[in-house]
Each structure stands twice: as structure tokens, then as C-alpha cells.
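Okay, got some structures for you below.
Presented sequentially are two complexes of chain A, the first with chain B as partner and the second with chain C.
Coming up: the complex of A and B.
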């Protein structure tokens, strides 16, 4: 991508942070105020009856827990200073330039990572470590699940604890995967890629991260409140009847949905309104397109998820009857609201990872991206169709069998735009000689895994086949192939690709290769085995299984340990290289997108002078215009 | 830098910043609209599941059904606020005075909505459970309307206060009024949609 001199150089205000409240607030004050809010709310809602017993007044106990969890989030945000901006706006005393500069973390070193910092690069790093923490927790739970399933009748955990392991693993991974690419890269890299100085709404950007942060302890509290016996789908009326741990699940999703809406609006507004001069829509890097379509899809999708959680919470606390047939409710209503979000959510996860890989392919094959338009059409097609397929999750629920056929057709139609994505990647690689670095290995892994994930998905979209496979380990294997094998592989490849820009150092290559092969071989061993036992009839979400599935499950568990070891090595590589890695040159891959034109550490406002774009970002082998 | 840093750190012209802010708010309106759609869907889904006298748990026997006017009573202040804000925007220097009407309408609506919820009497006197899915869904919609009022009142209060201050950027401020107009218009539209919905009881 060629750049020219253009806009006037900015005159930044002199940093002079006032000794105001803003300078005193940080994560610590957030924790203190959040805990106080939660405690006071719990006491207030519970009432002052000294004989009160949570088991005797379940509704009131649920009310107290839900209110205190939500107020924890509000309190934390108050304590960290998230509401100073809106408050100052309301009283007509806008934040001064100096205060905004302070909020951007200028000159505050590592402390800014623990503050309400508006710099998109800081938010990107916060997201990165948040995602790593969530993946570590979710991965550990996965290892516990697989350990229990290693042998028939292992009984390392009770069936109810097993259910909670599955539920917590599921929701932790879903939340982590939704932000795994758009969080770190969408925040750190994307604004630089489009030639912007920051996100459109820097304070909202910080808000989206810290709101998400407050959801993490809430989710963890589920474990101490008796767990989540429902799986991550939390179907009603089971979730209405579940113990107090369910409140944590509901509040996590409510809080997370706020974070997602805010982040989605922010990223979309940034890309629509802040592209630098000359960056017409057909010159926007494909990662930006994929990430934007993904978050734009999340904006209308997640509120219905939030609504289903609010309704569940109301049923649990105020005895409404949304999901209770005796009170005029219906479990199908929950399934609709959940899956109207639930299926687009798969693509909210998938698209940014795939888009990151599409960004990588031209760089490592040194060829222009094959049919950029097809890639955009593919992304848009997937996003558009994804809102028309939700009821394929309800084939076996008994809801409107006459509509199974139409939903089968819309579901199978998604393979068309997905095929376009495949063709774009293959077309870019065609006759090329790939530079086999770690990010490029991720592309090959994606092609293999997504092919299996996609084809097995076709069987599940087919009503007669789903009749047999529904609720089996086959389904578990299928969605792990798409979400982990494709989306997480894309995100890890993205991390390997952008790591030099985010840290100023190269990721340890040897450790990266070892982890790659351990993860990919382990992944295929684990989930190919799961396809076999699933097709033979082993149900999912069950703590034990018949003797005949023993060998395949043992093999799957060995695969799981290989994945676990691979990720531990990758984590070591990320942490070690951050301090001790080889110093990265400004553009180690010779890429043409804008993020590689800025030095490390990236200046506060990214560019001294905003670039002007005069050519497309994938003009490899072409003379610059 | 193209703008005076006394007001803002933005490098872009106030009009550009204003348009961007309005886009952001409109995207958040899309999210809110999806939520409202979900509530309307809930209403009609449950209403149409509970057909026939044998299994009418929508409004079971003895359950209270509110007047169809209830939704409109709490929507009219939203409409008044949205119209008043539009007038205020056109009034130039009198914005601050007319904007008070917007604020008062929203505060009154907030009170009316709260009062309506507090006195609706849709729960069983003994068990405190909501009587039928009509009662449940009505309460949900009313609560969402209350949330709209709270947010609307906050914005209106901010605009009234800011209209009386001399040290806000007038160009950016005019864009913020337009941005607020998007929100006020949306919550009025949402109120109308919800009022129509809860008017269709049986």
C-alpha cells in the first residue's frame, strides 16, 4: 500500500494531567467500589430479616444474587472512572484535552493497562490477555472433561459436576472465542490498518473491555454457587429451575451483551467513518471487512440473547411465566430467542479468524488476494444467511416440522458463500510458493479443519441425518472443527502474524512450530475420534458411556492432552518472547498494509501524518501506482 | 489539527465528529431495536400459543387485563419529547428553553411508567406470581420503556444544562442535538410499536 504525505501535522496538547479524580482511579478502586456495591445491594435486596434462609426463599435469593452481580459490574465501572465522561458531558464540563490525553495513557507506562485507558492499543493488549485467561480457564475445564471421559466408568467427578464442567467450559469458550480476534486485533491493529488515529469512540472502546472484564468474575462465581447444570445453551425451563449458579450465567451474558453491542457499534463506526484518505471500500484490507461484518452482525444478534437471559432471570426472581407452560410460557420461545442469536454468533466467531487468514495468505504467497470481491460477497453472504437458519437447531424439538425443509435449505445454502471463501484462499495460493512461516501454517490447518467442519455440518443441516446425529458427540466434533479448528486456528495465526507489531519482538519460532503441530495433530486425533463415537451413538453432555466406545475415547483424550501441551508451549512462547524475543523489524513479513508502516512502540496517535492510500493493499508483483 | 483544542482533542472537523457520533448512536439503536423486536416477538408468540378457552394461560381466568390505553399513556410523553426536541433544534438560541419541555415530558413519562408498573396489579395476591404470560410480557415491555425513559431523561438533562453553558463547541453541539434527535425519535417509535403491541391483547 503506497502512502503519500498529506494532512497537516497535529499539534498535540502538552501533557499536564490535573490532579483530579481521573488520575486516582484504577482497577484497584474499581474492585473496591464494585465489591461494596455488590455487598450493599445483596444486603438491601435480601432484607433485614435475621432468620432469612436462602433455601427457603429462593426467589428472593435469586433477586439478591442477580442484583448484586449486576451492581458489581456497575460499581466496578464507577470505581474505575468509566462514568466520568458521561457525567462531565451531562453537567456541561467536557473533559479537557489534557484530561483526554491522560485517559489515553500518555506516559503512564505499564500502569495504563490497569486503568480506564482509551488508547486502542492498550485496549487491544487488555483484550489479548483477557482472551488468553479465558481460554486457559476454558481449556483447563476441557482437560477435566476429557480426563473424565478417558475411560468408561471413570467417575472422577459426579454427573452434576460434569454437567457444570461442560456448561462452564462451553460458555467460557464461547465468550472468549467471540472476542478472540476482534478484541486484540480489531482494537490494536485495525485502526492502524485503516489509517486512523484511534477508534471512533475511545471511551466506549475502554468501556467495552472493562464491561467484559466485569463479566469474568461473575462467570467464575458460578462455580462457587453450585455450577451450571444446563450446558452453555441454558435451555428453559431447566435454567429456570436450576440452582443459584445459574444466576451467574445469566448475568454474565447480560453484561457481555452490553460489551458486544458497544464494541460492535464502535468498530463499525470506526471503519465506516475513519478510513484515511484514498482508502475506498475496495482498498480496505480484508481483515477489516471480515471483522466489521462480524461485529455488525453481532449488534442486532446479541440483544435477543440478552433478552432471553432477562426473561429467564425474571422467571427465576419475579415468577413471571415466559418459559413455564403452566403460566402461558413456552420453552420454544427460549429456543427461538437463543438461536436467533446463537447461529449468527457462530459466524461472529468464525469470520474474523478467517479474515485474518485471508490477510496472511497474500503476504506469504506474495500474490494479490484472488477475487477480493468474492471474498467480500462471501463474508456478506454468510452474514446475511446466518440470520435465516436458527431453527435448524430445533429440528428435533418438535417445533413446526413443516418448516424443517425451508430451514434445511437456508442452512445448506451457507455452504455457497463459505465455498467462495475457500476459493479465494485457494485461488490466492494457486501456483504460488508459500513462505512457510508459522502464520502460513495456520492457513493450511484452516483449510483442512474447515473442510471437515463444513462437510460434517452439511449432514447436520440435513433433517433425516440430524434425526440420528442430534445430541451425539458427532455434533460436538463438528462445531469444534469450525470454532476451534478454523476460528481459533485463524486467531492464533493472526497472533503469530501481528505479534511483532504488538510487542516489538518476534514470536519464538521453534516453540511456535512445536505448539502448532502438537495442537493440530492433537486436535484431529481428538475430534476425528469423537466423530466416530458420535456416529456410533455416544451422546454428548453425559459423564459416562458404554464400554464399546472406550478405545476411541481414550485416543481422543490423548489428543486432548496433546492440544493442552501445545497451548502451554504456545503460552510460554508468547510470554517469553514478549521480553526476550528477537527484536522485530518494522515490517518483518514485507506486508503492504498500513500497520507495518508505523514503528514499535506505535505512537499514541499512530501516525504523525495521516497516510493517503493510492493502491490496493495486496498489490504484490505489481508496480506501485 | 483542524479544531480548537480548547473544546476537544479530535483532529477532525466538528461536523465529521458529529456525523460519526450520530452513526454510532444509530448503530446502538439497531441493537436496541433488535431487543424491542424480541419483546414484540415474545408478545405475539405467547399470545398465539395460548389459544382456546381450555388452555388460555395468556390471560387465565381471574387475571387482570389492563386497558389498551395504558401503553399509549406512557408513549405520548415520548412523542411529545421527540417533537419538542425537533422544535428546539430549529429554535436556535431558544434551544435551552424549549428543551426543558423535552426534559419535563421525559421526567413525567418516567414517573407515569413507574407508577403504572407499581399499580398494575398483575400478580397473584398470595403467591406473587404473575398471572399468565400476558402479565409477564406486559411487565417486560413496560420495564424496557422505563429504561428508554431513564436514558432519554439523562440525555435531555445534559442538553438543557449544556445549552446554558458558553464553553461548549457550538458546531459539535448542534451535531449532538441531531444525534440526540435520533435517540428521541427512536424511543418514540419504539413506544408506538410497543403501545400497538400491548393494545392487541386477545
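Coming up: the complex of A and C.
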């Protein structure tokens, strides 16, 4: 682990870390080795037939592509040095203390962000920029989608390109949103919040980021291989019949699932085992609770996603027929595997963002968090119920209509623990005086967006209403209200809140306010318009639509441009303030959680002496003094 | 207060405490906001949804529109509560570069949490029961109507819908969905390739077309009008264009149309 044990004495002569292989490896060597692995694998699987044509032997072409994409990931990890530690351990020559210190990025400046660095703060920043890059790509794709939909009959892109835009936008945003809060804040902030020196498994922490990183080029390659024509749900048998771009989708998910499993296990182990003395469960900051429940939920959910992708890959390469009705398989089997992951995944995305907002409210209202127990019960209740609701996505599939009723009941019951989340935030705000800084604005935006997202979710969970609304733009608007309007708003508020601790600078306030209003107004214009066309009968994922939906679609597109402009301004603020922002004091918000007790830059092991906790972190309010 | 007065002091009843609570300025203004927002959402339910949703040509479509209205009304008090609390907080907002003074220090209110939880559960239960009753009513109607219904086979094929009318009408095929008024119809749906979702919009029913697995849905057109048939499941390149039209016709007009298609009246 990164945490250097100063008492450890190596029995062997200490090698100079500057001469060790570790120092030679970085992202560049990773790219080179990864490309070599991918190329060699492709050639080996393809065989040596000089007359071979990918279009004539589709199975073999798919096999070669899938194998080379997965081996790219392995090769990159080899090239960046991810396996040096385990290898040295296996041959009985574990890393020396100096080498561990080097792995932790000590004294390496900006270079450590391009290396296999085990410091949780470096991993947090890597995740942050990775998420920003993915959101930028996904957002650009969304703008292209909305531009094409601005007017009926628009032929800006072909139907083939449009379907690819939809698929790539969907999966890029889903991947980005799953790690949008737990990636940057779960890695950078959370260990400090619980008074730990690092994550429980720092090498695994670095591994989770770099594995995720290797998924990004794989996903991008889909564009050059003919795109993803299936949307992010990738329903079989459409995904089995799709072109070679589909292989990139499958491999992205397989790689991403590995990353998520590693990160989820690590974060859970860290919170369970590394809380500082006195931090009993009822004194754990609520963000830590929310993020932990979220990743713990991901640990069982994502393997089924990975399994469905492996089976799809086998159908595509070996004609195994898992999901092919002609071969005795079933598309419903795919739908089950997908949604057993897919619905918990919504809450994997939502909970950390909401938890970040709960962390923000007491600080900016100067009141104790209202009913901490309700918050925990709310999170746990949502997580628990979320694994029992997957088939509400399949009401209209024709699978087992007699089970629609039970799934309707479990789905609608989620509104009770969700209500507790609202109660905690509103109760904390009650009779306080909210300090209207950017993070607090996010709380107000969340309340409105989540309210709309939640209520429209109630309609969709109801079988008779879903009978009409399923597969329409109404669904698209609903899940954007929850995932973007609530979860992303929470993550952006979290960024504004923790930005001073992560960068040592204050985020440009004026730019932050402008971006906030552009995004939130644009968001509501966009998706309220989408609710209307959905209720009127416009299906989702269509490249074109009837004349009657034209006005609302144009309004939605205007809203989308407002969001786009808002995010460009926010990105400028983040980049500009990183170098030129006002120097942040150690605790600019007057918060009471542990991360605000350490200076910037945060020392390698966070604390000179580990703190001892004697009370909960929300001791605000008159009666508390 | 003298000892005698203290001795004679009567503890207020829960009703008196609640009345006093409601008279507090912060509470009364929040309650007023809550009524306002609730009313807004009720008006949205009553006015907007019936205008957004298509004119129903079947009981299924009409019950869906009614359900959207009722669910919005059920949700309106929740919206009122959330938005009134948020408004109350927003009106007390603090600006400036220094944090506001500390607010009240209480960290929970068991009665408040219990009341909220019970109210949320009751509203949820209401929605659940209403939905189950509607679903059951629709299922019973389907079974009842299916007994003497016309069976139309629907085949989803990238990217065309094909409708095959009963053998008793000549078993002709059409890419237009015309139906007679007041005659129940069972759609027997299957896909020839990938998943599609059969959606005759104004009839308010929808079900997937799966490869080799037949699905059925029953409806009864009760009003004359045009039908837009769409595909609600992404099915590949021309998914957006997998649509057709049709109409609910009088029996005479339907019979005439059947004959033009090479069929005959049943």
C-alpha cells in the first residue's frame, strides 16, 4: 500500500528507485505496449490467410477485434507497470519502501498524473479529468443529436450516423456518470474525510483508474468501426446482427466492469476498515455513506452486465445462440441480465450526487443534518429496493405479464425512501438561511429536477401508463431529469464545493453562476419540451419525426444549446481557476468534516497524526454550542 | 409566574399545540405556498395532460390519460410540500462572502419524520392501488373482449409493419391498419428479425414484437379517427421510419376497404 511503513526494514540491499524499471514506465510506454499487444493479437487470431477479407469472414473478424481490444487493455497495463508490484511479490522480491514511495508519486510533480500512481489524491484528479473528457465527448454527441432533431425532416446526418450518435452518447454518458462523483471525490476526498492515510488497496485504486482509461480508446474506436446502432441498451438480437463497432461496445463494458468491481471493492474496504479512531458509523459523513452504498450496489450489479456482454460477444463470434431465438436462445434473457444491472445502476449514479448535496446543505445553511438516520435509511432503502425492480423496463416486452403487478409495487415503493432523502434536505434547510454560493444553488436545482424526475418515474412505473409512455421521448426526459438534473447537478455542486481542497484555488464564482443558470434553464427547456412530445406520441431514438412535433423539438434544441454554452463556460472556469483562481483558504466554507482540516497541497499521507473523532461532523446550529 | 399559577397551569392538548404551530408565521406562509403549488400541479394535471395526450380511440387510451391526470393530482401535495419548503428557504437566503449565522440546532424531529413517512406511504399506496385496479380492469376487459374479437396478425420486419387479417376475411395482408368501430381486436404480434415494439398510438396499447415469441394485446376501438402506428423499440437503421397509418372506420367503410384489398366480409 502507499502508506509508507517507516519501520519496515528490507533484508535485501535497497535498490535505487531512480534506476528501477518503475521509473521508466508511464502512459507513453503503456500506449506502445498496448498497441503492440493489440496488433499482434489481431494478427494471430486473424490467421495468415493472405486472401482473408473481414467482410467475408465476419465471425473471425469479430473474434480478432474483440481479442485485440481486450489485449490492448492488458498490454497497456503491462506497459504502464500495473503488474510490477504483484510480479515482484510473486517472485519474492516485494517493492522496497523507496519504490513504494516512488509509486505514490512523491516529488514527481505533474508527471505523476501520467504514471501508475498509487496516491489516492492523484487517482482522484485522474478520474476528474477523465470524467470531464467523457462528459465533453458525450455532451458534444448530444448537441449533434439535438441539432439533427431541431426540425422535422432534417438530414444533417444519415440514419446510420444518427443511430451511432445515440448509442455512443448513451454509453459514454452512462460510463461517465457512474464515476462522476465516486471517481474524483470518492478517491480524493473520501479517504481524508474518514481520517485515513490512503485507500485500503492503493495499487488496486490506481488499477481501477487505468483500467477505465483503457476502455476510453476502445469506446472511441466504435466510431471508426461503423458505430453502435443499438443505443446503450444494446438489445439482442439487434446487437448480434450489428456491425464491428458493436465489438467496441462489448469490450468497453467488459473492461469497465472490471474497473468498477475493483473500485467498488476498494472503496467499500476502505470505509469499513480504515475509519479513524472514534469515527463510529453514526459519525461517518453522509457523503461517505452514500458513496459506499452506491459502490457496494455496483459490486453485485455490474458482473451481470459483463456477463451479458460476454454472451453477446460469444453469439457474435461463435454463434452460441444465447440470445438468438433461432438457435433456442432468448432476447428476454439478455433484457433480464441487462436490467438486473441497469436499474440498480441508476441509483449507483444517483446516490453519490445526492450524498454530496447532503454534505453541502448543513455547511451552507449552518444547521445540523436533519435526521441522519433517515438519510441512511433512505439510501439503504433505495439500494435494497433497486435490485427488485428491474423488470419494470420489460412490462411491454411480453415476458410474463402476470409479474407486472409485483414489479409495479416494488418500483413504486422506492418513492418512500426517496421521499426521506427530500425530507432530510428540506428539514436541514428549514428555518436556516442558505448561503447562496454555487454549491447551494445546486441543492435548489436538485430539489426541482428530482421532483419532476421522481413524479414522472411514478407514471412510468405504473403498467397502464407505461403501456402508452414506454419507448417514447417521455422516458428520455424522465431519466435525464434524474441522472442529469439530479445526479450531475449534485456532482457539479460537489465539484464547486471541494474544488478549493482539490486545487488550492477558488472556482471562478461569476463564471460558475452564469454557467449554472444557463445549464439549469436550458435543461428544463430541453426536457420539458421532450415530455410534451413524448406525451403526444413521439418515440425515442428516432432520427426524424412527424411535423406535429416540430415546435417542441425546436424549443428543446434551443435548450440544449443553452446547456452546451453553460458547460463550456463551466469548463473554462474549472481550467482557468486551476491556475489563476483566487488562492483558497484551508476551510473556505467553514465546514466541519476532516478534509477541511488538512492544508493544500494535501500531504502524501494526509495527516501528520491521525485525528480522533469525538462527535458527528454536523455540529452546527445554536443549540449545538 | 407564582407557584399557584404554575400549579394550575394546564399542559396544552396536542390539538392546541398543532393549532399554535400552524399560526407561526414561518409555518403559515409555508402552508400557503404549499397550497399554491399544489393547486398549480392540479391545474397542470387537469388542463395540460388531456391536451398533450392524443384523442383516445379506445378505452385503453382514455384510461391512460385519466391515469396521468390522477397520478399528477396524487403527486401534487408532495410537490406542494417540497416546493413550499424550498421557497421558504430561498426567501431567507443569505448573500455575501461570509457564512450566515447558525440556524436552529435541532437535528431531528421524530414526529415530523414519522408524519412525513406515513403521508408518503399513504400517497404511494394510493398510487399503487389505483394502478393495480386499472391494470386488473384492463386485463379483465381484454379477456372479455377477446372472446369475439377479430384477430389481426402483426409482423414487425425491418422496417415495415405488416397486418394479416383473419382467414374469415380472406387472410389478406396490408401495410395499413384499418379497424372497424366497436369491434374488439386482438393483435397477435411477432417479429421476423430483431425486437420491435408495436404502438398504435391512439389506441393506447403497446407490446414488443419478438422473434419466434408471439405476444398479444387486445383493444376495442370506440371512436372514429386516424391511427398512427409506430415502432417504439430501436430496431436498426430505419427505425425512425418504421411507421404507418390506419383508421378506425364504420363497419360499412371497413367492409368496403376489405373488398378493395382482395378480401371478403366475414
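What we mean here is this: the second predicted complex is superposed on the first by the 604 of 625 C-alpha atoms of A that agree within 3 Å, B and C clash if a C-alpha of one lies under 4 Å from a C-alpha of the other, contacts with A are read in each partner's own complex, and residues count from 1 in each chain.
Everything that follows uses one rule, which is that a residue touches a chain if its C-beta (ideal position, glycine included) is under 8 Å from a C-beta of that chain, and two chains touch if they have at least 3 such contacts.
These numbers were taken from a predicted model, which means no experiment stands behind them.
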When chain B and chain C are modelled together on chain A, clash or fit: fit
Partner chain(s) touched by A:261 [first = chain B, second = chain C, both, neither]: first
First, second, both or neither for A:277, with chain B first and chain C second: neither
Partner chain in contact with A:91 - chain B first, chain C second, else both or neither: first
Touching partner for A:325 - first (chain B), second (chain C), both, neither: both
Partner chain in contact with A:576 - chain B first, chain C second, else both or neither: neither
Residue contacts on chain A - larger count, chain B or chain C: C
First (chain B), second (chain C), both or neither touched by A:303: first
Minimum C-alpha separation between chain B and chain C after superposing on chain A, in Å: 11
Overlap of chain C and chain B interfaces on chain A (superposed complexes): 325-326, 330
Parts of chain A lying in touch with chain B, wherever the complex brings them together: 7-8, 10-13, 86, 89-94, 97, 100-101, 197, 200-201, 204, 261-262, 264-266, 268-269, 272-274, 296, 299-304, 306-308, 310-311, 314-315, 318-322, 325-330, 333, 336-337, 340, 605
Sites on chain C touched by chain A in the complex: 26, 49, 52-54, 60-61, 63-64, 67-68, 71-72, 75, 78-79, 81-83, 85-86, 88-90, 92-96, 99-109, 112-113, 116-117, 120-121, 124, 127-128, 131-132, 134-135, 138-139, 189, 193-195, 197, 199, 201, 204-208, 210-213, 215, 228, 230-241
Partner chain C, residues of chain A touching it in the complex: 159-160, 162-163, 166, 229-231, 233, 235, 237-238, 241, 325-326, 330-332, 364-374, 396-398, 401, 404-405, 408-409, 412-413, 415-416, 419-420, 422-423, 426-427, 429-436, 444, 447-448, 451, 455, 458-459, 462-465, 467-468, 470-472, 532, 535-537, 539-546, 589-590, 618, 620-625
Residues on chain B engaged by chain A in the complex (per definition of touch): 1-2, 5-9, 11, 16, 19-21, 23-24, 27-28, 30-35, 37-39, 41-42, 45-46, 49-50, 56-58, 60, 123, 127-130, 132-137, 139-140, 154, 157-158, 161-162, 164-165, 167-168
